[in-house]
Amino acid sequence: MMRLPGPGVAASAAFLAVAVLAAARPSWLAADPLAADPLHVLEAPGAAHWFGTDQLGRDVFDRVVHGARHSLAIGLAATLIAVTAGVTLGVLAGLAHRYADEALTRGFDALSAFPLLLLALLFITIAGPGTAGLVGAIGIATLPHYARVVRAQTFVVRRAGYVTGAVAYGGTRLRLVARHVLPNVLGPVPVLAMIGLGEAVLAAAGLSFLGMGPQPPSPEWGAMLADGRNYLRIAWWASILPGVVVTLTVVSLTVVGRHLQHRFEGRDPR
Amino acid sequence: MSTLIRVEDLHVAFAAGRDRVEAVRGVGFTVAAGECVAIVGESGSGKSVTARTLVGLAGPGAEVRAATFEVNGRDARRYADRDWRRLRGGFAGLVLQDALVSLDPLRTVGAEIGEALLAHRRADTPERLLAEVHVPEPGRRARQYPHQLSGGLRQRALIASAIAARPPLLIADEPTTALDVTVQAQILALLAERRAAGEALLLISHDLAVVSRLADRVLVMKDGVIVESGPARELLAAARHPYTRKLVAAASLDRRAGPPVRDEVVLSAAGLRKDYGRHTAVGDVSFDVRRGEVLGVVGESGSGKSTVAHLILGLTTPTAGRVTLEGEPWSGVPERRRRPRRRRLQLISQDPLSSFDPRWTVRRIVGEALPRGDSPLPLLERVGLGAAVLDRYPRQLSGGQRQRVAIARALAPRPALIVCDEPVSALDVSVQAQILDLLADIRTTDGTALLFISHDLGVVHHLADRLLVMRDGRVVEQGPVDEVYARPRHEYTRELLAAVPTLEVSP
Amino acid sequence: GGGGGAPAADAGQPVSGGSLIWGVETEPITFNPHQYAQAKARLLVGNTFEGLLTHDAEGGYTPRLATGYEVSADGKSYTFHLRGGVVFSDGTGFDAAAVKANADQLRAPGYAPAVAAVQLRNLSGVETPDPATVVYRLTRPDVLLLDFLASPQGAIVSPKSLREAPDLKAGGPALAGTGPFVLDRYSAGQEVHFTRNPRYWGERPAYLEQVTYRFLKESSVRVGALTSGQVQVIEGVPATDQALITADPRLRFTRALNSGSAYAYYLNVSHAPFDDVRVRKAFRDAVDVDTVLNAVYRGTATRAWSVLSPSGPFYDKSIEGGYGNDPVGANRLLDEAGWSTRDAEGFRTRDGKRLTVRLVQSAPFVRDRRDVLAQTVQAAVKRSAGIDLQVSLVDQGTATKALEDGAYEVFDNSRADTDAGAALNLLLHSQGAINRTGHRDRSLDRLLDQGQATGDAARRSAAYRQVQRKVVADDALVLPLYAPADQLAASRSVGGLGFEPTAGVPDRAYGVWVAR
Amino acid sequence: MLRPVLRRVATGLVVLWAAATAAYLALLAAPGDTVDSIVGDGADTPQIRAQIIDEWGLDRPALVQYLDYLARAARGDLGRSYLLHRPVSAIVGEQVGPTLRLAVLAAALGIALALVLAVTTRRPWARRVSSAAELVLVSTPPFLIGIVLLSVFSFRLGLFPVSGDRGFAALVLPAVTLALPVAGVLTQVLRDGLDRALDEPFAVTARARGLREGAVLVRHALRHALLPAVTLVGWLFGILLGGAVIVEQVFGRPGLGQVTLAAVTAKDLPVVLAVVVLSALVYVVLNTAADLAYLIVDPRLRGSR
């Protein structure tokens, strides 16, 4: 039943590969993102500058490539926080007794009651603007999503025949959780996280746009967009092109993530 | 008698991407007005697809080809969407296989029936139709939602909506599966009544016994092909095709007596009771199981059979009562002390798939129950499986194979008692017989006692030494199988026995 | 009213009536003139409120609600004669008691702590010998009192509203003044609406019947609103859009330099590396300010050579061209100062420590793309001298914290005080409330005190010239960058637009009209 | 029916309290104290500081201030803004209107668009185009959409006013900006739900009764598809409120977003807390409403036979 991915999935995967390469080894693809050239300010895209130059005469393409590291790293770190904390809390809630479960669930509710932006603002007032605050805010804000999914999944697995039945083979509770519950609960998490990564990148761009992201001159995509929008009238490329890259990245992550999800579910009839 | 349906060389294929499924391959038959035709066959043989194709609902992506395809006297191959619509409900009513989920859960039963009336501009009322299919209090029921109705009532409502526009043909796909035997009998009676009223009936089932009472003609399907067909009685009396013979044999399971039972009690339950809130799932159940004995437990859905199994296994704590395992207390003992003795009790459940960790291979599943280092292969061979399945995942096995793996796993720790909760209910009849034989073998050679739970009296009769009849959480009758069958004392047992569909082979 | 700009030919002669919509960048935190803290809000305050004095084009004062004033010989008491027949828009009359009520209110605890502690620091009391005369008594000579009385904070609010307004500190329609317009509607986040005050005391009421100021924070939105005809006037035109507007025949563009101090980097001398004057000079000279400004502001910015804006009367022109853009010299100075090695990224190091200086900008107060400017300077000092300028854009709390902890080496600021002396006092005096350089210099303090003690323009000028030379050229305490300016862009049908003569910010709407 | 509602209200209160307290602690933990934020970048002397501390009672222990805050909040008194010198209830009250109008219109637009798209794009090619468009909309930063819409429809074509909250025309572009991603997500969810519902036996049965495909879609499948969409209310709320901040910024609209942004950067504690409590309140109310809606749409949850 192995099906080859369609052209959309292949293209997305290829784009992601380039993005990952850009994040890992930007110098292979682009020159110094900080090299300002006051004589070539806001030049249109062309052979010399594929994506044109920005208000300081920096090459937008170089910045976008180098920005991959910042944007993806922020998304990744935030997702990592969200997944780790969300899965831990979700499993605990799923296994816990009624009251502990209720308390945890209310906690998720209270977190969800903060729109991402408000949470981010609060976080950033504590941590100061920059990567740390951004990562923390997005991580915490997206945590309830994973926690809820994992909690529900834990409920299902916990009641599944192979878990109730496993008691009959004389396993301890801990052994049961480690051998049956956790592996089955964690199965779908990587794919969820991949789709979530796209959302995190998007959220980071939004917060950067409001000036809460990494500090200048670091080439973060959202910040580039925000800087560039002042010049939209005379230099659309400074903001639109980084924006397009953000969109492409998120689309690719979603497409590949969903493809994996479908394959995953296709193999698993539950 | 006019011909309602005539098909010749009907092919239906599903082309989903690269995996093409030829569900129906060259089927041909006719249905005349007022006639009852039955299609039987094992799961996946193409019965439902054939039925749905007759009303143009083969499914998305289906390719339908036929040499002749006449519905209502016209060539259906040239039907437009609108022609099909007029036909559906108007010419043929379809009762789908999944009766319990074939009514929209968000709409009232009355609305569902009314919809059929509206689509065909019929001046009738849902209440009257419900009354016609013998739904008590039709006025109230029409205003209720499907989930508020029992399975039998839902099936009746579905039939009511199928016959709303008075079609001359009713297609009923497995109308009695998933229903209790007593309810099954009522639905069959209702269908017989429709037929008597002059409607033609296309009845689909995997159970020969069910259709044998009703059908004029029977078509036997296997792998998308009709392997045998003919008048019902002739076919049953003198089946030519080996597959048909297998079906006939499975439908008339004979009693298979075991070796004499020793007097040693393996497990005894005394005054077991389990309450869920105010609801009593099991009340005052007492019995003993002796070494090598098969104790059958029968009763309709919800009568507390599975709850008893869980109480015995120590998976739930009884509200009252005691379980003793091999002479020592079993219930009310801390789990820590119970753990070493757990191997003495094993479980085979109705749905083996859910009892396996989906990420584990067969090797690991069976190996877990064995002492470290022992190979699972001898056990698998014992249950009729080979090395080929060792590295497969549960989802890569057929239903019968899964149940065999489950049996192998249950045998691994050499238990004193295996609790079998509906072990064959989800299996095809032909496979059912094999699994039952395997269980009978095990009990004979190993002397393992079985607590055998089933709603199917035929199956229990085949295997059990003694019988426990449950209703509403209570034991209404208990005794040696032959005795209970021959002289049922309780009213409910009599009802159960009467409802069991039996092959009417003799002319 | 001091309408500066000449009537434009397009708009013809002044006409009375009509209404105007004006897009402004900043929504005031408060409409109470006493609480005024945003230069960008000045044009709004002036519509409703007036002080005893106002500035003239030469940096002196002309009477407004006063008809004249005398200063005592010791410079410690100022007597004002008040204009008669002036009424507040709530109908109450303007007199000496009203002036005194305002002064008292300003010094009431918790009302306007900044005014009480800075501008009125030397005020001992206000006396009202008769309803048309007010005497301000000072503890020591302080000419800046006059500047205060010409400033928005010195404006006179109807005593009745001081007593009765529900949200006194926030201001709004409940606060009555004597100005040519009455604030009658305020929708937060959106706009503020004024109608003409028919009983205005001046020679004529305002031309416009109504004027609406819309708060359009995004510069692109502001310009878009003007070019698409949704507003007739905007202020705060970003450099990138100025060419676009000057090229549009339907629009007119004007700009004026603000008064007060230039936008400059103040260097923190209280710890390394800027405790060494050589490093300060190197930093100052490593920047090619003209090129940097050109890149950021595309030729629209006016370079500042001094700590003061070139528009003011105390500006020392002789300082121009005397320093700066000398990478060779800068590198030599750094070598001398011991920062002679370089690390992998090309930054200078000394004893293994990188030559890092930090600039902390508070996001809510960044304007004119000063964040972008900072990045350009950052690139410049890295390239030409290997200095690592770290710029962080933070919230107000974090910025204040950094300043308190001394966790900065560069502090950026510009002040739009009408009297440049006030700005210098705050920024450079040892006791200055925003002296962030950590510089304590007796001789500098003495010069600043001299400048504040006398009303004689020539003597003040002399003192302030010395100050400028000292802090910029000699001590390299300050790296001046540009002179803040205000811009106006308007449809050609709008006449009478202009800037306040001394402050250099857009003037109130008194002299503005719209051609039919 | 009463018990679950009471339970929800109780848990809602807990959520409210937790949110308010979390925000309080967060601001307390932020660098720089309250006095700093009130001083801003203005003049700063010990004298000024003393006056400020006295005026706001900042010398009391943090716990006392917190309890005092809670007590007053419980009575509906949200205090006064440090920065704007006005009652918080007035500030927030003024700004709720524009944000609410924006959010409601955007939600309505998004939902309507999603319904239309999900129902009309059932044919394979239309579906493919629509799915791709949804994915792009969902994946594009909302401010990018806003900026592009603004440039094209307001600056270039002059069809809509640039900014502000004057009448319906000014609301169109911001609402569309906000509605597009919402529609993207909802369409995906609805389409999934429709696909699943149309495969269900009851849908096949409905067809077998002779119903038109359209009738099956609208009368049967749509309701089932709506159920999972209802659970998205919490998400919708987040995206609308969060998105509103950005949209208000881009379009220069008044609203809670602007107030929040300003209040947090200036550490204007009373305003921040009011916004937090308000948003938690809306969240709780919406979710309760969603639960009740679920009860209404899905008879299976009403229990009792």
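Residue numbering begins at 1 within each chain, and the chains themselves are lettered A, B, C and D in the order written.
In this text, a residue touches a chain if its C-beta (ideal position, glycine included) is under 8 Å from a C-beta of that chain, and two chains touch if they have at least 3 such contacts.
Quick caveat: nothing in here was measured; it's all calculated off a predicted structure.
Student: So which chain ends up closest to the centre of the protein, judged by Cα positions averaged per chain?
Tutor: The most central chain, going by mean C-alpha position, is D.
Student: Quick check: more C-beta contact pairs at A-B or at A-C?
Tutor: Answer by contact count: A-C.
Student: Averaging only over C-alpha atoms, locate the centres of subunit B and subunit D and give their separation in whole Å.
Tutor: Roughly 50 Å, centre to centre.
Student: With centres defined as the mean C-alpha position, give me the subunit A-subunit C separation in Å.
Tutor: Whole-Å distance between the two chain centres: 44.
Student: Just the number, please: Cα centre separation of subunit C and subunit D in whole Å.
Tutor: 39
Student: Where in subunit C do residues touch at least two different other chains?
Tutor: Correct list: 363, 395, 397-398.
Student: Which residue numbers or ranges of subunit A touch two or more of the other chains?
Tutor: As it turns out, subunit A has residues touching two or more other chains at 124-125, 128, 229, 232-233.
Student: At least two other chains touched by the same residue of subunit D: list those residues.
Tutor: Residues 30-31, 151, 155, 249, 264-265, 267 of subunit D each touch two or more of the other chains.
Student: Given the complex with subunit C, which residues does subunit A contribute to the contact?
Tutor: Residues 34-36, 38, 41-42, 55-57, 124-125, 128-130, 211, 215-217, 227, 229-234 of subunit A touch subunit C in their complex.
Student: Please output the residues of subunit D touching subunit A within their complex, sorted ascending.
Tutor: Residue positions touching the partner: 11, 14-16, 18-19, 22-23, 26-27, 29-31, 135-136, 138-144, 147-148, 151, 155, 234, 237-239, 241-242, 245-246, 249, 257, 260-261, 264-265, 267, 272, 275-276, 279-280, 283-284, 287.
Student: Under the definition above, what is the set of subunit C residues touching subunit D in their complex?
Tutor: My answer: residues 29-30, 32, 35, 37, 109-110, 113-114, 116-118, 167-170, 187-191, 214-218, 221, 224-225, 227-230, 362-365, 395-401, 404, 426, 433-434.
Student: Would you mind writing out the residues of subunit B in touch with subunit D in their complex?
Tutor: Spelled out, the residues of subunit B in touch with subunit D are 52, 55, 57, 85-90, 93-94, 96-98, 101-107, 112, 115-116, 119-120, 144-145, 147-148, 158, 161-162, 164-165.
Student: Touching subunit A in the complex: which residues of subunit C?
Tutor: 219-220, 223, 238, 240-241, 244, 291-292, 294-296, 298, 363, 369, 371-372, 374-376, 378-379, 391-395, 397-398
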